[in-house]
Amino acid sequence: MAISAYPHWDEGDLRMGEKAIGRYPVPDLNDLPEDIKERVLEVQEKAGFVPNVFLVLAHRPDEFRAFFAYHDALMEKESGLTKAEREMIVVATSNDNNCQYCVVAHGAILRIRAKNPLVADQVAVNYRKADITPKQKAMLDFSMKVSNDAGSICDEDFDRLCSHGFTDEDVWDIAGITAFFGLSNRMANFTAMRPNDEFYSMGR
Amino acid sequence: MAISAYPHWDEGDLRMGEKAIGRYPVPDLNDLPEDIKERVLEVQEKAGFVPNVFLVLAHRPDEFRAFFAYHDALMEKESGLTKAEREMIVVATSNDNNCQYCVVAHGAILRIRAKNPLVADQVAVNYRKADITPKQKAMLDFSMKVSNDAGSICDEDFDRLCSHGFTDEDVWDIAGITAFFGLSNRMANFTAMRPNDEFYSMGR
Amino acid sequence: MAISAYPHWDEGDLRMGEKAIGRYPVPDLNDLPEDIKERVLEVQEKAGFVPNVFLVLAHRPDEFRAFFAYHDALMEKESGLTKAEREMIVVATSNDNNCQYCVVAHGAILRIRAKNPLVADQVAVNYRKADITPKQKAMLDFSMKVSNDAGSICDEDFDRLCSHGFTDEDVWDIAGITAFFGLSNRMANFTAMRPNDEFYSMGR
Amino acid sequence: MAISAYPHWDEGDLRMGEKAIGRYPVPDLNDLPEDIKERVLEVQEKAGFVPNVFLVLAHRPDEFRAFFAYHDALMEKESGLTKAEREMIVVATSNDNNCQYCVVAHGAILRIRAKNPLVADQVAVNYRKADITPKQKAMLDFSMKVSNDAGSICDEDFDRLCSHGFTDEDVWDIAGITAFFGLSNRMANFTAMRPNDEFYSMGR
Amino acid sequence: MAISAYPHWDEGDLRMGEKAIGRYPVPDLNDLPEDIKERVLEVQEKAGFVPNVFLVLAHRPDEFRAFFAYHDALMEKESGLTKAEREMIVVATSNDNNCQYCVVAHGAILRIRAKNPLVADQVAVNYRKADITPKQKAMLDFSMKVSNDAGSICDEDFDRLCSHGFTDEDVWDIAGITAFFGLSNRMANFTAMRPNDEFYSMGR
Amino acid sequence: MAISAYPHWDEGDLRMGEKAIGRYPVPDLNDLPEDIKERVLEVQEKAGFVPNVFLVLAHRPDEFRAFFAYHDALMEKESGLTKAEREMIVVATSNDNNCQYCVVAHGAILRIRAKNPLVADQVAVNYRKADITPKQKAMLDFSMKVSNDAGSICDEDFDRLCSHGFTDEDVWDIAGITAFFGLSNRMANFTAMRPNDEFYSMGR
């Protein structure tokens, strides 16, 4: 199946580019279950546009609900990690997984959360050389291990993170976010999810 | 943090080995939110024991709920893939990710779903030589690509699956299950989740 | 050459499944050189069936003799490693090499040698999380290095093993078994050697 | 254990350099079992020196016997592959495995067998650019697959070799030699086996 | 040597951030050989700032001269590749090599050359999903092979590029640019070359 | 484009084999720009033959000039590294990149520079086991990291080299040579540059 799904939205206020936003058909807003429609409209009101992940995943309402519930459980909750740090994990993991959607979309969020127009591009390409703290680099070292070699995680990894001041709950947050975006990156790559044009310039 | 969490259950009917089941503390059944407690008791009734994934993830109720909602959305729904085929994806992906919990637990389920005592071990070690159909091997080839190189998925991959009779919705199911267990494998490895002893001999 | 070699045995007491046991023709027992025929009958008497490795390799009598002489020199001799430990090396190496025959057959032997129905599956998927000693994990760490990066073996590797109580002769045993099953795994994969059904449930 | 085994030979006619030839003690010629002593003296007579593999492996007489029996079964027998072609397999596999002993020693033999002073260095570094036939390149492509990814060998690999004129027995020879030198490379790397100085200039 | 080289410039018009721009000392503009000083001032006049690669490499004047001569020979000459296409090669190669300096600096140039604010981020993370032509994707496929597996380049690679309309001279350009930025990426990573802040927002 | 460029030289004193020396046309000596013709004749006088790298790269005069200027800036200058050590870096890097031309040509130079007929083959296949000093092995360890994982170079790498007595300028030399031959290896592989027959036996 070639990438050919051009969405047709009745509502003029949902800004759509002329490029396909993914391999699968995008449902009409009015055909969506009420709770999903509500979430889509809510994010549109807040962001000024609907990030394509909401449209692409709406093709599967049950997965949509579970996906965003998981997302919110990790990204919106109280945590020893700042929201900017959580976005660093997303951006570093996503570039390592060659996921265009997540690097571009979460790069934008990282710039905003960190109030820093440079950090997202730095973290995406090589977090070891980014303007972040040694503690944050240790966090991302662990994130890379969770992403690429989780079977070898050992006590020494926990000790190293602990020596940087991370609690066991923080470590769970790092691993959980990395693992969740491992799922997200694979879904975005598989569905050929297109980043919205708006993300590229946000927070610069 | 060393692996040292020994669970203490008040309910004698929850069978616990003497080995730690994970790095993180396991909550007491009675301290669990009602909906989670209910799900744990339900699975215990059905399986005769509580698979450790329910106990380890109960440490984080919101993630627990999202995890199992996502699991059910993929594994319990109507699909062009049989339940045995879905478990094949889980077992092949999980061995590739060196995830002991998922290979052992879902290997048991695969044996039962497929009514075949050999197929789980075959698929885990090398699905290319397993007693499965060429269509199922093509399914697992794609699953390996989603797991290891999702950024390179292209139209030809969809065409190949289509030529074996898979629909676009089937392809989403294959990718979705692979991606979800990518998350699950990383969580199980990171938490040092221990497979219950019961799984090893089920369905043999 | 497709996998299509169905063996035809005159002797009814050699139990054969209906599946091909490998890509190459399997010689008739009565056509085998006397010494090989003897070894085959001996193992059949002991095990109750003829493991397919004996049948597949009998296609090449000289290689058969050298193969089993090498096997016995490492696996049957006196050693600082227990017989169960030697089988752990085989199982871990063989899963890393995606060798279905050796994981299944030697997994069975490991369960029997270790008198432990769980350890083989644990070691196959991720020995770092198996119910084995730290010394045994160090043994398998070295085994993985011999298997995947022998050119980088250095004094520090010997020192680490020594600190766990291994002698230089033990280290040779670990490396020798890993190297020999590196050969065995490649032969089994190349010949599409099929594990006998009997192995799957032995020792569980 | 550092590399420190300096051999002490009573027999002046066994030329020994002053460098250690391996990590393990080298037995005195007169302490060797008669059959091994005989083989050592025989090769010395033929080559004018004793290749170190004979000295290093003599530390383990049973493995020595099996090793050379296996070697001879593949390298000395009648085959559809010329002796030079068999050495090409050894040299290409051994450089891929970073095995100094086997590249240097079998590079010398390849130069002699092929009566070509250039081919060994060419094949070692990049056989795709060596002065060999397309059929020989196909042979080495398969050899690399046996060495690095035997679990994925499939019917198409056999078909490709067949289209170049290889028989099924030839394919076994290619795979067998690759697998055997996989063992040999790991043993030589692990024992830090030193190539004899004589090999470097032979056949140039 | 930690990253600690803070440049001290007499000329107020050379804008320097407060972050070190690399591991090695940056020479004072007035201490530079005349030809290098001239090039630095020239680029400053044109760009409005001095890209750090000029400052970091000025530490070695002879290498500086050769580096920029090589750069210009490939990037400034007449070519079948547009200037934007040449920058695509740089950006894709540099992200694959985790080179922050080159992705950020040449990403800016790509946006300008292509008059497209999105394409640089798209090509950096996953050129397969970028808004570029199939011909350009084939160009970048080949670039990745030159970068990661040049030893396997074969006639089929040339044929494929030819079928997309590339001439042999174009292919040299693709390979040459990829190879040159292989050098550049390694130098930038090794010297911890910092991208100038100005690059991040250029062309957006 | 198949490898089919047979050079036709008017000057009988330029010895050409009958094999193509590369994929691209080799210009006639008399058609070369004067400075390049001069360099070619100069190297011919010195070496007794024209190394093919001069002929293959002469196809692109500007790149030729920059290439050799860069080469000379690193390989001919005063340095804390001996000329033999610099050639060790070239040989180790080039075998790791499967570059036949550079291993054969620079192997010859290394033998001559080191006045040692064995060291080039040793370093090519596995420098860890070569007859070189621990300091030289540390140099090559770093060279391998520059070649394969420059993005992870960190202060600890500099500290390790410093502890062996290397200065920061020496480290630049190691990295610069590795990076330059990264370029050279890719160009030689891409152009199918053939090593001159003369190199194989030089210095043995």
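Letters A, B, C, D, E and F name the chains as they come in the text, with residue numbers starting at 1 for each one.
By definition in this document, a contact is a pair of C-beta atoms (placed from the backbone, for glycine too) under 8 Å apart; a residue touches a chain by one contact, two chains touch by 3 or more.
Please read all numbers here as calculations on a predicted model, not as lab measurements.
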Quiz item: Going by the stated contact rule, which chains contact subunit A and subunit E alike?
Solution: B, F
Quiz prompt | Furthest chain, CA centroid comparison against subunit F | solution = B
Quiz item: By how many degrees does subunit C turn when fitted onto subunit D using C-alpha atoms, rounded in steps of 5?
Solution: 180
Practice problem: Match interface E-F to one of B-D, C-D or A-E, accepting only the pair for which over half of the contact pairs are the same residue numbers. | Solution: C-D
Quiz item: At the subunit A/subunit B interface, shared numbers over all numbers used: above half (same) or below half (different)?
Solution: same
Quiz item: Approximately how many whole Å separate the CA-defined centres of subunit B and subunit F?
Solution: 52
Exercise. Would you mind pulling out the distance in Å between where the CA atoms of subunit A average out and where those of subunit F do?
Key: 45
Exercise. Take the average of all CA coordinates in subunit D, do the same for subunit F, and state the distance between these two points in whole angstrom.
Key: 28
Quiz item: Tell me, which residues of subunit A touch at least two other chains?
Solution: 98-99, 126, 151-152, 189, 192
Practice problem: State which pairs of chains touch, listing all of them. | Solution: A-B, A-C, A-E, A-F, B-C, B-D, B-E, C-D, C-F, D-E, D-F, E-F
Quiz item: Inside the complex, what are the residues of subunit F that reach subunit C?
Solution: 126, 128
Self-check item: Residues of subunit A defined as touching subunit E within the complex
Solution: 19, 94-95, 98-100, 103-104, 107, 117-118, 121-122, 124-126, 129-131, 189, 192, 194-195, 197, 200-201, 204
Quiz item: In their complex, what parts of subunit B are in touch with subunit E?
Solution: 151-152, 154
Self-check item: In the complex with subunit D, residue positions of subunit C that touch it
Solution: 1-3, 23-24, 59-60, 62-63, 65-67, 69-70, 72-74, 77, 97-99, 146-147, 150-153, 155, 158, 162, 168, 171-172, 175-176, 178-180, 182-183, 185-187, 189-192
